[in-house]
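Next come two complexes built around subunit A: one with subunit B, the other with subunit C.
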Partner chain A sequence: MNNVAIIGTGQTKFSKEEANVEKLLFESSNECIQSVSNCSSKDIDGVLVSTNNNSKYMGAILSEFLDIQPRIAHSIEHLCSSGTNAIISAYSYISSGLADVVLVSGVDSTTNPGQILEWDRSRGNFEHPIYWASMLTKAHKRKFQTSEEELAIVSAKNHKHAMDNPHAYSNEPKTITEIMNSKQITKDLRIMDCSRSCSGSSSVLLASEKSATEFSDSPIWISGIGQKTTSASFTKNDLDEIKSTHVAADSAYKMANILPNDIDVAEVHDAFSVCELMAISELGITSGEKSGEFVRNLFNTEDRMINPRGGLIGAGHPLGATGISQTIEITNQLQGKSEKRQINNAKIGLIHNMSAAGTSSSVMVMKN
Partner chain B sequence: MNNVAIIGTGQTKFSKEEANVEKLLFESSNECIQSVSNCSSKDIDGVLVSTNNNSKYMGAILSEFLDIQPRIAHSIEHLCSSGTNAIISAYSYISSGLADVVLVSGVDSTTNPGQILEWDRSRGNFEHPIYWASMLTKAHKRKFQTSEEELAIVSAKNHKHAMDNPHAYSNEPKTITEIMNSKQITKDLRIMDCSRSCSGSSSVLLASEKSATEFSDSPIWISGIGQKTTSASFTKNDLDEIKSTHVAADSAYKMANILPNDIDVAEVHDAFSVCELMAISELGITSGEKSGEFVRNLFNTEDRMINPRGGLIGAGHPLGATGISQTIEITNQLQGKSEKRQINNAKIGLIHNMSAAGTSSSVMVMKN
Partner chain C sequence: MTFFDEHLKKGSFQICHCNNCDQNLWPPKEICHICNEETEWSESMNVGKIIEFSKKNSSYFGMIELKEKIRVMGEIFSNDEPKIGQNVTMKAFFDTRPHYSFTVENN
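Up next, the complex of A and B:
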């Protein structure tokens, strides 16, 4: 089995403006290829596009734009976790020897069709994700006495982090009070607890050990992978846990031979405030009981360990691009290139992404 | 690198009736899992759905239907060659050690959105595939003096083969004269030169060497893989060749360590009559000049070597399912289970699939 590294990254600004997905894809992937000196389109033998967009043949379209004639090209869709799924697929092509250098580009636009969960009949008319987020929030409050303020801190922290991320959707700080007074959209959810669907694209270049060391001075290695889908229907899951994250994390830690407290920096899927609290406990970084306190402490000490780029709440959530932007953040952190938001001496990073009320999760551990 | 085999197969009948894609997926995948004694849903750790359908999260939906909680789940789209791309992706997950047993299920319905090639501005208003097929046909006639009769023989042969395929869309023989007198839809194309979009689903189960030998008495090994995308736009290619097929075949032969004349049976992508003639020459089975004569000889001697299940023209073309049905045919042939359409003593089989005027191709070599 070949080792696989991230060697290049590129991304557009995330924006609320509706945009042409092909144009966004080209922008991020072109920047990604340019980021790797000596690597040209001829060296790339796989192009995977991660998106919820209904356009067809996007792998071939992007390849033609970039003057790449790859072996492997296609689109991958798995709602919010499409991006990490595509990166893990690229890993498997390289690790198995079918490809050597693979471009993974994710994109979605503000009006992408992955937002409304039409397939899940168990939701009745409650097709929008705010309904499951509301139920998870209520369950978390009941089980762990989580306060409205602790939930608001997640959002305040991530909006604050986003201020130092030039690609983020959000560009102004939000106070805890502002968040707690923002528009109530269900009994347990306020508008500022929610990430926003937006337009954006991000791309990474993956390479085999041989090519990674040839093309890059600072390859970042994918050392652990875990994935799990427990169901498609929200109501098949318990409301107070995200089992898919727990199982995926266990696999990733085992493969990377690390423990949760070895993690220096993590990007976790905070589609809603409660998701960050649930994710950090399912990942073993803290416990459910202490998750609110854990995040409060990060906020008070200005520790950027969790979601340094601003998470989905601060950076925005263009579905197919999200997992790839999370991976770019961890790559930059482990390369020491995160400027104002750099975590000191980051050696081990984690990416956690999930879909549809946590019915599916993917976790990657990365090392420098 | 682990060896990977096909150990199970299942498919629905292909039909012109519009159908629910989830229902079709369940039918073929359930039959596929049932075809492997001792293998249960608990043993399956990947579910890949190949489709052009716009529904989201189909990997998770199918998993829930089948009571599978896989590690890996998502949808893959690359127009007509989605199915073989998904099989090769499953191969890479298993070969890299990320999965052990993977279900690949393809589906599309009569009105699937992959038929009209809206993205290719170089086509102008000629978005329907019949226009490129017409241009390829004209070029083949000019370069190789291919006759109308030779083109009609491709269709007559494949309709004839389909008579012995209970899953095929076509269920009546067509004479050469009937085909040559069928409705002219462009100057160089008649309606019976065309495969038909239809509803259908097919599924295969792939396994590592360890699990394949545990679960199956007759695993069929994927011994060669080649893929190539040359462009997305039709007009970037020469009209008298399918370069992507040539390149993909060379890679697959090299990996499998075989020569074209080692092939006992092949499924090739005959979306239109001319495609079969072009494919068999690009694959090195014959030359462009002799391709018409080669097919005439097969027809006259009742040799089923090329497209024994009836190809796309005879069996129908539910886009996302096509490559998987091709793989099922070769699997059955190498297992000696093809009944009336069995090729004697078939040891080495080939699958050739392609998308959008041959701008993308995939080739697999299989051995028993």
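Up next, the complex of A and C:
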């Protein structure tokens, strides 16, 4: 199996405004290709587009935009974790030898479908994600006595981190008090506990070891991958765990030959505040009981270990681009290029991306 | 429209059962995924227990486990704050999508 690295990155600014997805795709993919000085679009033999947009044939359309004729070109949809699913597909093409250099571009516009899984009959008319998020939050409060303030700190921390992320949809700080006083969506969920659907695009270029070392001085290696899907229906899962994340993390750690405490920096899927608390415990970074205290400590000590770019809550959530933006952040961190957001001497990074109330998770471990 | 949705439109929540495997199947399907036999349909007992709940404006909602071991989300009618494990009865209908609502027993 060939080793695979990320060698290039590009992304647009996220925005709450409706936008043309083809224009966004072209912008981030062009920036991505130009970020690798020795590489041109003609070196690319795979193009994967991650999106929940209803447009068809996007892999071929992006290839034609770039004036290339790759061997492999298609789109990938898996709701909120479309991005990491596309990266892992590209990894598989390269590691198997079917492709050598693959461009993965994710895009969505703020009103694209994908937030709501219409198929899920078990949700009744409570199909919007705010309802499953309320269930998970209530169950977390019940099991761990999680306080409203601990939930608000997740959001305050991620908004604070997003202030230093030029691609975030907003760079405005939010205080814990502001968050706790923000509009109550349900008894267990406030508007500032929620990530916002955005327009935006992110792209990465993946390459085999041979091409990566030829094209880049600082390739970042994908050293562990784990994935798990437990169901499509929300109600088939226990409310006090995200089993798919736990299983995916175990696989990724085993493949990378690391333990959770080896991780220097992690991007986790904070679709809602409670998701970050659940994710860091399912990933083994802390325990469920201590997850609130762990995040409080990060916030108080200005430790950016979790979600340094601001997560989904701070940076915004253009569904198909999210997993790719998470991967770009970890790539930049491991290359020492994260400027104000930089974690000192980061060697091992983790990406956690999930879909539909955690019914499916992807975990990747990266090393420099 | 599926068999399940059509019956839901008339207010009947149909449970899909494989007689051969002796288990209820959710989401409902016409052929059992284990033995490939045709499934049977029967009306739910329309009773269940509260697994979790929250509140939006003045209305409670939550996840209910039906007696038939199927979990669904719906509105909960209760004079007082609902309790985990509390028994509920279900009413169901379908317009553009399914609606399930639950009334706490001895409300």
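Simple rule for what comes next: the second predicted complex is superposed on the first by the 368 of 368 C-alpha atoms of A that agree within 3 Å, B and C clash if a C-alpha of one lies under 4 Å from a C-alpha of the other, contacts with A are read in each partner's own complex, and residues count from 1 in each chain.
Keep this in mind: contacts are C-beta pairs under 8 Å (C-beta built on N, C-alpha and C of every residue); 3 or more make two chains touch, one makes a residue touch a chain.
Bear in mind the structure is a predicted one, so any value in this text is a computation, not a measurement.
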item: Partner chain(s) touched by A:Gly59 [first = subunit B, second = subunit C, both, neither]; value: first
item: Which superposed partner A:Ser251 touches (first subunit B, second subunit C, both, neither); value: first
item: First, second, both or neither for A:Ile76, with subunit B first and subunit C second; value: first
item: Subunit B versus subunit C as contact partner of A:Ile185, first or second or both or neither; value: second
item: Touched partner set for A:Lys138, first subunit B, second subunit C, both or neither; value: second
item: Touching partner for A:Ile88 - first (subunit B), second (subunit C), both, neither; value: first
item: Superposed model, subunit A: greater residue contact from subunit B or subunit C; value: B
item: Which of subunit B and subunit C A:Ser233 touches, first, second, both or neither; value: both
item: On subunit A, positions contacted by subunit B and by subunit C; value: 118, 233, 236
item: Complex contacts: residues of subunit C adjacent to subunit A; value: 4, 26-28, 51-56, 61-63, 70-74, 84, 97-100
item: Contact set on subunit A toward subunit C in their complex; value: 118, 121-127, 131, 134-135, 137-139, 142, 185-189, 233-236, 239
item: Footprint of subunit A on subunit B - complex, ascending; value: 1, 47, 52, 54-57, 59-61, 63-64, 69-79, 82, 85, 88-89, 91-93, 95-98, 113-114, 117-119, 225-233, 236, 248, 251, 355-356, 359-360
